[in-house]
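Chain nomenclature is as follows: A, B, C, D, E and F, assigned in order of appearance, with residue numbering initiated at 1 for each chain independently.
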Amino acid sequence: MEFLYTYETLKLEFPLAEPEEARYVILGVPFDGTTSYKAGARFGPTLIRQATLNLESYVLDYDLDIAELPIADIGDIAVVAGDPRKTADRVRETIEELKRVNPNAIPILLGGEHSQTLGAVEALRPKSYVVFDAHLDLRDSYEDNPYNHACVARRIAELGVREAMFGIRSGTREEVEFAEKGGIRWVHARDYDFDSFVELVEPLPEPVYLSVDIDVFDLAIVPTTGTPEAGGLGFWEVIEAIEWLVENKRIAGFDIMEVAGETLGNPTALTAAKLLFYFIGAMEKMGKL
Amino acid sequence: MEFLYTYETLKLEFPLAEPEEARYVILGVPFDGTTSYKAGARFGPTLIRQATLNLESYVLDYDLDIAELPIADIGDIAVVAGDPRKTADRVRETIEELKRVNPNAIPILLGGEHSQTLGAVEALRPKSYVVFDAHLDLRDSYEDNPYNHACVARRIAELGVREAMFGIRSGTREEVEFAEKGGIRWVHARDYDFDSFVELVEPLPEPVYLSVDIDVFDLAIVPTTGTPEAGGLGFWEVIEAIEWLVENKRIAGFDIMEVAGETLGNPTALTAAKLLFYFIGAMEKMGKL
Amino acid sequence: MEFLYTYETLKLEFPLAEPEEARYVILGVPFDGTTSYKAGARFGPTLIRQATLNLESYVLDYDLDIAELPIADIGDIAVVAGDPRKTADRVRETIEELKRVNPNAIPILLGGEHSQTLGAVEALRPKSYVVFDAHLDLRDSYEDNPYNHACVARRIAELGVREAMFGIRSGTREEVEFAEKGGIRWVHARDYDFDSFVELVEPLPEPVYLSVDIDVFDLAIVPTTGTPEAGGLGFWEVIEAIEWLVENKRIAGFDIMEVAGETLGNPTALTAAKLLFYFIGAMEKMGKL
Amino acid sequence: MEFLYTYETLKLEFPLAEPEEARYVILGVPFDGTTSYKAGARFGPTLIRQATLNLESYVLDYDLDIAELPIADIGDIAVVAGDPRKTADRVRETIEELKRVNPNAIPILLGGEHSQTLGAVEALRPKSYVVFDAHLDLRDSYEDNPYNHACVARRIAELGVREAMFGIRSGTREEVEFAEKGGIRWVHARDYDFDSFVELVEPLPEPVYLSVDIDVFDLAIVPTTGTPEAGGLGFWEVIEAIEWLVENKRIAGFDIMEVAGETLGNPTALTAAKLLFYFIGAMEKMGKL
Amino acid sequence: MEFLYTYETLKLEFPLAEPEEARYVILGVPFDGTTSYKAGARFGPTLIRQATLNLESYVLDYDLDIAELPIADIGDIAVVAGDPRKTADRVRETIEELKRVNPNAIPILLGGEHSQTLGAVEALRPKSYVVFDAHLDLRDSYEDNPYNHACVARRIAELGVREAMFGIRSGTREEVEFAEKGGIRWVHARDYDFDSFVELVEPLPEPVYLSVDIDVFDLAIVPTTGTPEAGGLGFWEVIEAIEWLVENKRIAGFDIMEVAGETLGNPTALTAAKLLFYFIGAMEKMGKL
Amino acid sequence: MEFLYTYETLKLEFPLAEPEEARYVILGVPFDGTTSYKAGARFGPTLIRQATLNLESYVLDYDLDIAELPIADIGDIAVVAGDPRKTADRVRETIEELKRVNPNAIPILLGGEHSQTLGAVEALRPKSYVVFDAHLDLRDSYEDNPYNHACVARRIAELGVREAMFGIRSGTREEVEFAEKGGIRWVHARDYDFDSFVELVEPLPEPVYLSVDIDVFDLAIVPTTGTPEAGGLGFWEVIEAIEWLVENKRIAGFDIMEVAGETLGNPTALTAAKLLFYFIGAMEKMGKL
């Protein structure tokens, strides 16, 4: 199957399914035009895929081999240089194309800037948005651009999607107030625990779009991301939350965003790759597919 | 003096002049929203200024101390995230502000993407554009954006500015044909020598805007730039050309663009800093001020 | 206001106050002449200031905007190459100059070697010295130099200042014995918890000088510091202690030392920058100003 | 004393003993011919030794100076390029040479690929093998080579040595089944705690060979190792287990493997060096020598 | 078409031909098991392909678009860990498979260790072997392995292939003597010029296999290769020789070997990518196809 | 033989001679306390020695095996932290110790800061000082320290030693005037050629001390040194000058200084190592021993 806006790139190494028949469809978004501090998220999709070479496809925790599942990899979006909105349009249209031929497919974005999550959410129209992130991303506009990565959760909230946020440790007064007015609940990284996750997510309507801005992890684990922050979550904290989520809520789509850097096998990329396999594994083993 | 779009940042360390009285006015443009390969030109202005700490302000070749000259540093442009056109508008307006209070000042841009040169040229309206670059930058549009760094020489040519290019070793058939039709002459890096420079530049009308895309140098010298290319020019080749140029042509403005990387004192930044001091030194010593 | 020994450098980006009116006055000390293992603390002050660009000035935890506070940045000390004592003299004299015109200002050193804390303590004459550090720094002399960074706590103890140390995981028998004889109490990183902090700090007389040798954190968080050590503290552990300290004790001065590396946005620098904002935020919100 | 297959290299810096009289004998194995993801373990022995320069020889926790103990360093094995089996033969023969002249010496391998542990185990013939590792290393063959680092625990099990594994978070179905059939017990990194360690190790027969594949630690602590994995153990978790082990079991040999990278003082090397000093310190203080 | 020993990986980004119809067939060999100094050539094929994204497919010098040519990319060889001979067997067999279905195809190896060139030469049986290399590679055995990369030219000479070597600046007395006895002529990097190339290559019988060990270039251009050497050739020196060679001799095969490193867009990879496009361009424009 | 101030460290790997019988005696000086821009020369001696592992001991150009010569390596000087004068005293005393037992030995310093050359010159009392350097190093004092690396040539001139300098491209007006008054001749890197070298060196009295500040090379070749400068010399230019020098003048001592960085096998270290072997080889082959 050909898509209008994607091109082939490095792919996952095990035998892959066609998009029409896959349960999971991977799409790279090598966009970083509005990154605010450290550049380089453009290499995120390549870095994550290459980092899967470091991993066994077998996930010990679930006694399950990722390589035996119907997964497709449709390559990367051809970005519109510097324009997060037009690039997100291509993400949206690509996912719409996909859903027309395979309505049950779970799209998985590998990014690239968090701004691109908007395109996926527009295509999938989930009822709720659950996000792990160091940042609220609720600004109305940032550096004169309403489609900047720092505004993505605001744009999504404006679509009527309910939101819950975890691992937050950065924001502005304006964002905090917007969250408060809009009923958007979030948990500070200092206060995060499993119970806080369940408490906020349980009441959310299905289906849920799950987004992991990789900067939710401590900067020791993810030193190369756009805006690394000290004091983040640990790897298993996020995995345990995802396990609960896929067991208890129907999932519309998933993404791992803001992976950056130039070095193959860097910690950020390796963490993202392992997270990808855990998400797929957990979906298969305990997910409400 | 306050400018609308600039903010303070790291500055040159020696005593600086006010913009109203300076002969040279430095302006950083930390924009890299449309970089096509390696990101990170956003840190270019900071890296260049910090790299000047490695240099003597005294330039041996001219028996002249840069620190004793009237140089202003008006900080960096507040970029419009991802939008090269709007950011270049701010460059243009800032230089216009400057020229109103100090018509004789020579603006010096430190970048940042080559796309931003357009703003300077629009403000200064030189008759000719002399550029050292590995790339023709004559595309009509790139990644759907006509203000991408790969189009800057085309936009400038469309303003009626005459152009000559040196150190070229990358382009497309479309660009070569555009150059041919438009009478834009260029010298391949393989063929470059001092005589080829003089031959093409001599007939150009004054004043001249001089732009150095740092990727004109061999990638061994400038490993961290947006699109490094093997087979580039050497340091003294460019300096000798600049010496001839400032001696023989009136200069409207100057820039050093596409400096990137994250490491203080990296070779690209050190080369750019030294080039900056040589430009100012040569202007003083032999320039048609 | 002009200081004898400082020069301008990269500064915090938000509007800054004059030293005479500031509540917090930042001073960089780019000295690393006696570093024992990894060099590069000279770039510490620049790296920390640049890393603040990654941060919101608003601190979520305190609902408070750092950028709205009266903070001055008086630049960096001109170091005496290789001489920690003479450089520390300049730190002392600069802080004395400052205190003459603004007796209530809280000086904040950004380093640079830990040896330079001595100058600040000599100027401020606190009753107690609370330090987070992987090392005891209680040697009488190191590499034939009594003003080496490994001796700073000893020199301070000899001034009659009471000391308490946290996160320690490296020292010599001689240092342990000196601590024992001198009543200097310390907590090993393995044994550290909030209660151990309160227990040791509670009885200390005011005012207190607070010093954070960045190597107190785990080497995963701060890989580029002079002597990184495995098994260190986490980010929130230090923040919680600081919150208690500023709430319960009057603070004479503060520093973040031993930040090193050459890369903008490295984890050590980002951690230091965030720590800086938390210190100021906590002082404002809960401090005994 | 001369060994057939070793040559001199960088050594520990304090006064060293002769192999005949030492209680601990260090041997480097700069082999990385079959590394599966990130190369560079060949520099492991040099990196670890150089990283000891960052450490006090005095170990605070045990009030004991490593530099005062009889430790020998017999240099590095001359590897057989690309051949893990022949290189491991040299490891085995070198340890046999050593044991002939000093039967009580505890050999300590610094690696280098985990494949080389086989040579040490063959020479020392322990009853049990306790290993900290992210990986099961129980494959029958990997990339067509039965002596690949991913097979070392299988080869050791085939010698009749009892095994227990900790910090595991990667394996294949085949390996899990082999472990189950062979009575090899292991603890997942998610489930690891001190009690789980004691429970599995207590019943094991003596003497015990202890192996630390450095990748057992979280990839934030050890970013440069052959196959870094997120979600690993912390420094003190491993130290506490080692303390219990040396107090309760007789130790036949010890190794720290898979240290890699090219940078002096990198976190992986620093962690390995500190682990080395803790092992020796704990052996002296609480070990069943 | 399926090959026995290859698997898919990152590919060149423009539309590619099937191996049966291609004029040029690219094959990666991610082997570095016997590298003698710096590891990491395993990432060479991925790094080179990814670096082509930095290049225009249009080669200015030849007015020719690489993307319009029939080029196939058959992925990477599945290596036999640590075994250069068995891996080279797979290279040989894969090229034999290819030549059976497409006898006119020019195979292009991207490596990976120089040892793998042997497999290509065994499959193609050229009359002559022209190599750019800093090293003679004429050892009988190295680190006990006759198929080490340092022996490849010797193994090829033993097949009766005539040899000429350029850019040499490292070897042993044994190798020099072997070259002398065997009539293998070589030019030291200090003495290299275009005439020396033509003089040695002109008398060689056709077809010629051309091999570029990337370390022939100065270590400033190629800092990440297995054994970088100061004093190497420049980019255009090698290109000019290749232009002459393809114009005057029939080419059996080509390779670019010993590209290493972990960083996307590193100078070694960028140089190799540009060299690849020049080789193909020159073959088309002036080659004896 | 024991020296008062040296300790063992990584040594050259081939069989070494005792200092009493050696023709060449290597001494590391891991001092970088007064480095002005980039720190890290402390690792220079280790980096250079480790980089020799990349080299054949056989030097092609001279048909001579370095490993067969009587070379001693007496380790590194124990530095006095931050004090260039006291550390240089130890260099002086160590060389004096050496010369008492072996008056014909040629000491070879591996540095470490250029400031340490003073100690060697004081011990050896040559008639002339020939130096390759980007900098004049003729300041009277720098950062308040007369023994700073930027003053070393001045201190040496004050001893009555005649001086000639090559590759210069940085200095101050004060230094230029001092050179002029003192009859110190130097050649700018732009003007350097072999003839300029011979012209200035020929009249100098013997014996000659030869010093290579590694920053004389272009910053592309030596990116990690204290003060890298664009526009430097090439590798063979320096080798050819050394060959002439050793053939025509008696050599008292030699050094390679300012090698820095933290990465094994970095270009600066590799260049220094190769230079070391060429110096020894040329001395043997054509030197006036």
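To be clear about the criterion, a contact is a pair of C-beta atoms (placed from the backbone, for glycine too) under 8 Å apart; a residue touches a chain by one contact, two chains touch by 3 or more.
Just so we're on the same page, UniProt names per chain: A, B, C, D, E, F = Arginase/agmatinase/formimionoglutamate hydrolase, arginase family.
Nothing here was measured: the structure is a model prediction, and the numbers come from that model.
Centroid distances from subunit D, each centroid being the mean of CA atoms, peak for B. When the contact pairs of A-C are set against those of D-E, C-F or B-F, over half line up by residue number only for B-F. Centre to centre, using the average C-alpha position, subunit A and subunit E are separated by 40 Å. Between the Cα centres of subunit A and subunit D there is a gap of 38 Å.
Along subunit E, residues 36, 38, 218, 220-221, 262, 265 each make contact with two or more other chains. The full set of touching chain pairs reads A-B, A-C, A-D, A-E, B-C, B-E, B-F, C-D, C-F, D-E, D-F, E-F.
Contacts from subunit E toward subunit D in the complex involve residues 32-36, 38-40, 42, 78-84, 86, 142-145, 148, 262. Subunit C makes touch with subunit A in their complex at residues 53-56, 58, 60-61, 63, 65, 218, 220-221, 234-236, 239, 265-267, 270-271, 274-275.
If you check the complex, the residues on subunit F that touch subunit D are 7-11, 13, 43, 46-47, 50, 262-265. Those residues of subunit F lying in contact with subunit B across their complex are 36-38, 168-173, 176, 188, 190, 218-221, 223, 227-231.
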